Amino acid sequence: MPWDFSTDPEYQEKLDWARQFVREEIWPLETVFHELDQDQLDRAYAPLQERVKEQGLWAAHLPPELGGQGWGQVKLGLLHEILGTSMLAPNAFGCQAPDSGNSEILALAGTPEQKERWLEPLLAGDIKSAFSMTEPGAGADPTLLQTRAVRDGDDYVINGHKWFTSNGSIADVLIVMAVTDPDARPHQRASMFIVPADTPGVNVLRDVPTMEHPEGGFGKLGGHSEVLYEDVRIPKENLLGAEGTGFLIAQHRLGPGRIHHCMRWLGVSQRAFDMLCERATYRYAFGSTLAEKQTVQNWIADSAAQMQAARLMTLHAAWKMDTQGASAARTDISLIKFFGAGVLHDVVDRALQIHGSLGYSTDLPLEAMYRMARGARFYDGPDEVHRQSVARQILRGYEAPADGVPSEHLPTREAHARQKFAEILEMVTAND
Amino acid sequence: MPWDFSTDPEYQEKLDWARQFVREEIWPLETVFHELDQDQLDRAYAPLQERVKEQGLWAAHLPPELGGQGWGQVKLGLLHEILGTSMLAPNAFGCQAPDSGNSEILALAGTPEQKERWLEPLLAGDIKSAFSMTEPGAGADPTLLQTRAVRDGDDYVINGHKWFTSNGSIADVLIVMAVTDPDARPHQRASMFIVPADTPGVNVLRDVPTMEHPEGGFGKLGGHSEVLYEDVRIPKENLLGAEGTGFLIAQHRLGPGRIHHCMRWLGVSQRAFDMLCERATYRYAFGSTLAEKQTVQNWIADSAAQMQAARLMTLHAAWKMDTQGASAARTDISLIKFFGAGVLHDVVDRALQIHGSLGYSTDLPLEAMYRMARGARFYDGPDEVHRQSVARQILRGYEAPADGVPSEHLPTREAHARQKFAEILEMVTAND
Amino acid sequence: MPWDFSTDPEYQEKLDWARQFVREEIWPLETVFHELDQDQLDRAYAPLQERVKEQGLWAAHLPPELGGQGWGQVKLGLLHEILGTSMLAPNAFGCQAPDSGNSEILALAGTPEQKERWLEPLLAGDIKSAFSMTEPGAGADPTLLQTRAVRDGDDYVINGHKWFTSNGSIADVLIVMAVTDPDARPHQRASMFIVPADTPGVNVLRDVPTMEHPEGGFGKLGGHSEVLYEDVRIPKENLLGAEGTGFLIAQHRLGPGRIHHCMRWLGVSQRAFDMLCERATYRYAFGSTLAEKQTVQNWIADSAAQMQAARLMTLHAAWKMDTQGASAARTDISLIKFFGAGVLHDVVDRALQIHGSLGYSTDLPLEAMYRMARGARFYDGPDEVHRQSVARQILRGYEAPADGVPSEHLPTREAHARQKFAEILEMVTAND
Amino acid sequence: MPWDFSTDPEYQEKLDWARQFVREEIWPLETVFHELDQDQLDRAYAPLQERVKEQGLWAAHLPPELGGQGWGQVKLGLLHEILGTSMLAPNAFGCQAPDSGNSEILALAGTPEQKERWLEPLLAGDIKSAFSMTEPGAGADPTLLQTRAVRDGDDYVINGHKWFTSNGSIADVLIVMAVTDPDARPHQRASMFIVPADTPGVNVLRDVPTMEHPEGGFGKLGGHSEVLYEDVRIPKENLLGAEGTGFLIAQHRLGPGRIHHCMRWLGVSQRAFDMLCERATYRYAFGSTLAEKQTVQNWIADSAAQMQAARLMTLHAAWKMDTQGASAARTDISLIKFFGAGVLHDVVDRALQIHGSLGYSTDLPLEAMYRMARGARFYDGPDEVHRQSVARQILRGYEAPADGVPSEHLPTREAHARQKFAEILEMVTAND
């Protein structure tokens, strides 16, 4: 049936399992996470990962030949909605960023040798990888990238200054975006390179502390590293894909990534929303429970509407990507990026407000959600750039009226309308 | 395939036909509409209605046995989105309010005699009907209805003061909601009655002029009448359904009606959005076209996101109504009511603003759309009541934690988490 | 005392008188206004104007030598707040647009001959004037003006297409802005001319119907006329001021005009706010009066805050204009334009919503206020242009840091801070 | 001159000094603050405090007899706007919360003995004090306070559970609010007590970690402590003021406190705004600096308008408090609480967004400002309660119309208007 919003029953069972598993097994980990060292953490995760593999939910984003499921974005989206409820869940499901995205890139653009050398150990969990694109002086505008890779004999020599390199301080290998042809068209200037972390000249300066991770990193789950590349020499075999295809590859990685992001945000939102509603049921002030206050009712109703909107829009974008390809879904994906980030903020914000001081304290996970949510508005490109991009794509479908008068200008249209109407009446009369 | 957002190709063809038909045949009527008398208008509509019937799109909301299509709300929704682009379109498609809703009510709750006497001529277009529920002193709260119907022998005698009775001044028959048992539970106090317009005591005071129709009515398409019922005596056979079922019947009428409303609003929004985008392409100020201004780009992107959201939410509500029944879709329908009204306003508002003085003038249809949009926020119940209703329904799914501590209170949860984690580590160690 | 928010008691008395006078004498006129012909209206106004003159409140915007008061903008603002409560009030106080602004222009830039010929009869109420600047193709960007005035011997010949020419259809004389030097700098291209309405070639096409005045004009109080100037020949003596000073003069007129506008909007807002609050006290729904609903409480609190904000900002801008001159107050005036338009809309919108259908009907003045409010967002330049103007003026006060690093970049500042602190400690230690 | 928005020149000089002093001497301290121990910090502050005293700006909130200035709230407000730019500034100016508020309370309600014992060492900086009012189960509703103080012979015995007790963990003495008469009227149930920190039964459980201070306290400047009072016995002489006056005293403390808060928020906002504007001047993306992007221009213009609004409203409230008393200013103070909190958030949020990842990192002070700003919406009572309070106070000025019809109902008013108008015409005619 067309316009069918249901999930097939078999997959729904998997989702139900995942939801319960994440809630019962992963959420408790959150409260002890900060006390564990890397070894303890790995030991704690191992049996969880085993159970996920038994359910056939491991690394579901990968194509079947790499051990994934080949499900398409709608199904992945529904799973990521559940994983989003805990920042510790993706690692249990084999889809922890940036390793997940990097493995996709290597699967897509890597040579057989590159796959053997880097992809296989990555999938086996034997190595960790970083993604190194953002620069202090270049945000969303790719033409501003400064890092250069210059061909020198059989090598490339990379120089540049990156930051917000995910996992940079714990990675064994970095995927680095660098300009190979400064004179090419904007989106063909850069290429991607595989850079082993122990290559001389790779200097990880620090994990940049942020509002989300003020301690400078996620510790065991990686950080946003600042990295200086000084005369980093790598063999030309480490070029990923063809020269000039850096943005093309990045785009391929970012599209599905944004869908997963948005669905994970919905997981966070739902968790915050549940807290908001629970609080309303019993908190009492000024003569009634908060559930009876119209302001709180408005928060609940607006949150429900926004979450429903973001969810349907994201799944629609996923469906379009699955059925018509990434390019056709481009506008839809930009839409959900900024719309979804706004929903995440609003819902978490209301849940925090209803808890007052308690919500502001670290006794509840809401304040951490709020700090995380603030990042959503510029990660993967600031909302402003996505809005611009959406508008430009939409405007391609319109053209200026030939006479410079709006198509719907009534006085201009009136003559036509009169004639039309006269014809109708005439026809009617003729039939009488 | 589940989560399928496509329309079946055969129906898509019908929609494409309808879209072109409304644009080419109905839109021009708008500019001459005000000059036509009732007879001319009827003559102009006749051949249009014939073509709609040929396409099998006539009165599509009715069950097949009454000449409708029995399609369900998703398909109806998609059609109403197109009809919404012109307030003159529904009449060409046999689904002009309030006749459409009234015919549904009669089909649902009418006796065979009532159907023969009222429904058949209504469907044949031989009579017009009004819907008389709203009272000056009673807005959205049904317990405040004052109009009374008192049983007197074999008759009912109705007394009361209604307004915003759609079509009141041109109707042959009115469906009137009146309290039959003031002591019953709130939603069982009232009943519906069929009142011929020529019954003594039915006094139509005026068509209330509004922001949308300052001239006091839509003229040939009816108005919002103020009606005084003074000792209006009707036989008991004119009771519609059982005593006390007035709200039940009204609810049945309003549910699908809201879906159609929301989809028609999207039609209006899309028309305004097209004007907004067209204007951006050629209007020039301060060194560039408006398409290059980021404020305008934001308007376009936000409008696109909001419209996409409202569209998917409405079709989802329609799907839920089709597959799980009206009751299951209740929250969804309240959601789209207030969310959709907001979207309509925002999109029309932006389209008007980009046209400046021109948009504010009656040379473009935008100012009329803007006036119409303002009504959407309280028609069929003010947004505030729908928000409240949504919140109450959602809150039924939550309960207060037994110990009065939020379920996610980290200090409280920590003991459990530690034990959980100890077990995991133990298990892992045992397996070593 | 500095930072003194009080009004001097003597003037407060005048304001109190004006408030009561407008409420008791002018408001009732609103309900019969549409039935009066021009003569009746003039007769009705005459005694009212007399009483205003007796109070010394007549034409208060004019300099003393022209019969005005020379009070400055703060006092004028406080008066206009009261006049704003009724669109019929300004005419009783001798400050009806566009005559009020035109008389200011003539007083400012007119030659003695021009003053005698046009200003005196204007002040005496013997003639009416129009202001003709806006063109269909030129909104807020002055460089887009197309109307041309070409010197030909001792005459100027004007050709062009204007609309939204206030009073165009009833004026005896029009002040017309036309380009005299297309090659000059943007703000020196145009000049102002005095054009008698009966000059051949002045063709008033229509009063443009708008959302506010759908009947095409304010009738007896003028309309927004569309005017075609075809080879309109006027003697060079009708040039107002020097060639190229058109925008300079317009700017002089618009500054105080915006302050008066904003204060009048506050008058409208206050009147709507009073209706909102009154309704809350007695309207009952769902178990309590609306005054007990938190949504309504939010509306009241937010409206009060916004009105207080707009009021203080406008009076502050007026004070700045009075004490530091129009140029110093430029940013402040742009601020209140868009901020005030938003406040007006929001307050009226809430007042309308709380009245539901009644507010939407013409039985209350709210729906007319709502339609009027929509115009405020683009009259005198769209809000978007004022925001841009404010930003540009503010940004002139900032410069890029020499090293391209934000002044507040903590790592960069740290060295300086350490040294500073070492010095402090050293100093402290030395003092020990 | 009435409506005078200027500051007297002498005081302006002091403000200019303070602005430069805070910027040059205090801001640098921020970057080394976290490394200093208490002793170093005290030593660093000493010379700074000396300079403030020399300027006559020390403890300016106190009455002259206690070494303060007795300036009134307008002047204090202007000073706090400057102090707000750094959270380290108040301590240098002798007005660090909660000591500043506590000293006001002691000055207001303390007996001579209490003043000698507690106020004098507090003012001398020899001891630190805490303010202990908030309870986990009682937010803004005072009737929900659970902490009890029971008279027992010549003592009071206090039992209860408080949190967000400012300075609790470092204080020598705590001001504690406890219920003395549970059956009294809501605002007369509680009293304030002076509780030495070393009294048996005063158990400081922890400093509650919050979004603003995740490390659990401000360290050397105090924290939000959770305190358990278990059979805390204090002599009856430690009652502050009369029994039942707890809320009265608290209210006295909170009024001016809110004005100072709001002005400090404006200091923060201005600092963030400066960063926003500076960034716009040089950051380049997509073909121009950010200063040229209309979105950024909108941010600047809207921020400027909001800050101007909040500033004028706060100074107006201060002026009202100075001239008409705290009670008259009550609505004004509630208004600025929620309005100002919103402005603070919005400005900081935009400044952060324009800096993207950099703004989100701890390399700029913006992310800390953003976290602080989130607290402003519920500190000193959540915004929702202040809105409710404002609405209730305003609504006292309105009453229901006697006939249940809106005062402005046009049909109802029409008869009166016609009569009025007939009289006018008659009068005019008589005069003819």
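Letters are used for the chains, namely A, B, C and D, taken in the order the chains are written, and counting of residues starts over at 1 for each.
Definition applied: a residue touches a chain if its C-beta (ideal position, glycine included) is under 8 Å from a C-beta of that chain, and two chains touch if they have at least 3 such contacts.
Chain identities (UniProt): A, B, C, D = Acyl-CoA dehydrogenase.
The structure presented is a predicted model; accordingly, all values stated were derived computationally and were not measured.
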Farthest chain (mean CA position) relative to chain A (Acyl-CoA dehydrogenase): C
Of A-B and A-C, pair with higher C-beta contact tally: A-B
Cα-centroid distance, chain A (Acyl-CoA dehydrogenase) relative to chain C (Acyl-CoA dehydrogenase), in whole angstrom: 47
Chain centre separation in whole Å, for chain D (Acyl-CoA dehydrogenase) relative to chain A (Acyl-CoA dehydrogenase) (CA means): 39
Intercentroid distance (Cα basis), chain B (Acyl-CoA dehydrogenase) paired with chain A (Acyl-CoA dehydrogenase), Å: 36
For chain D (Acyl-CoA dehydrogenase), residues contacting two or more additional chains: 293-295, 298, 358, 362-363, 384, 388
Complex contacts: residues of chain A (Acyl-CoA dehydrogenase) adjacent to chain D (Acyl-CoA dehydrogenase): 134, 136, 139-141, 144, 163-164, 208-212, 214, 224, 284-286, 293, 295, 352-353, 356-358, 360-363, 367, 370-371, 374-375, 377-378, 382, 384-385, 388
Interfacial residue positions of chain A (Acyl-CoA dehydrogenase) with respect to chain B (Acyl-CoA dehydrogenase) in the complex: 1-8, 11, 25, 28-32, 40, 43-44, 46-48, 74, 271, 274-275, 277-282, 291, 294, 296-298, 300-302, 304-305, 308-310, 312-313, 315-316, 318-320, 323, 331-332, 334-335, 338-339, 355, 358, 362-365, 384, 386-388, 390-392, 394-395, 397-401, 404, 406-411, 413-414, 416-418, 420-421, 424-425, 427-429, 431
Interface residues, chain D (Acyl-CoA dehydrogenase) side, partner chain B (Acyl-CoA dehydrogenase) - complex: 293-295, 298
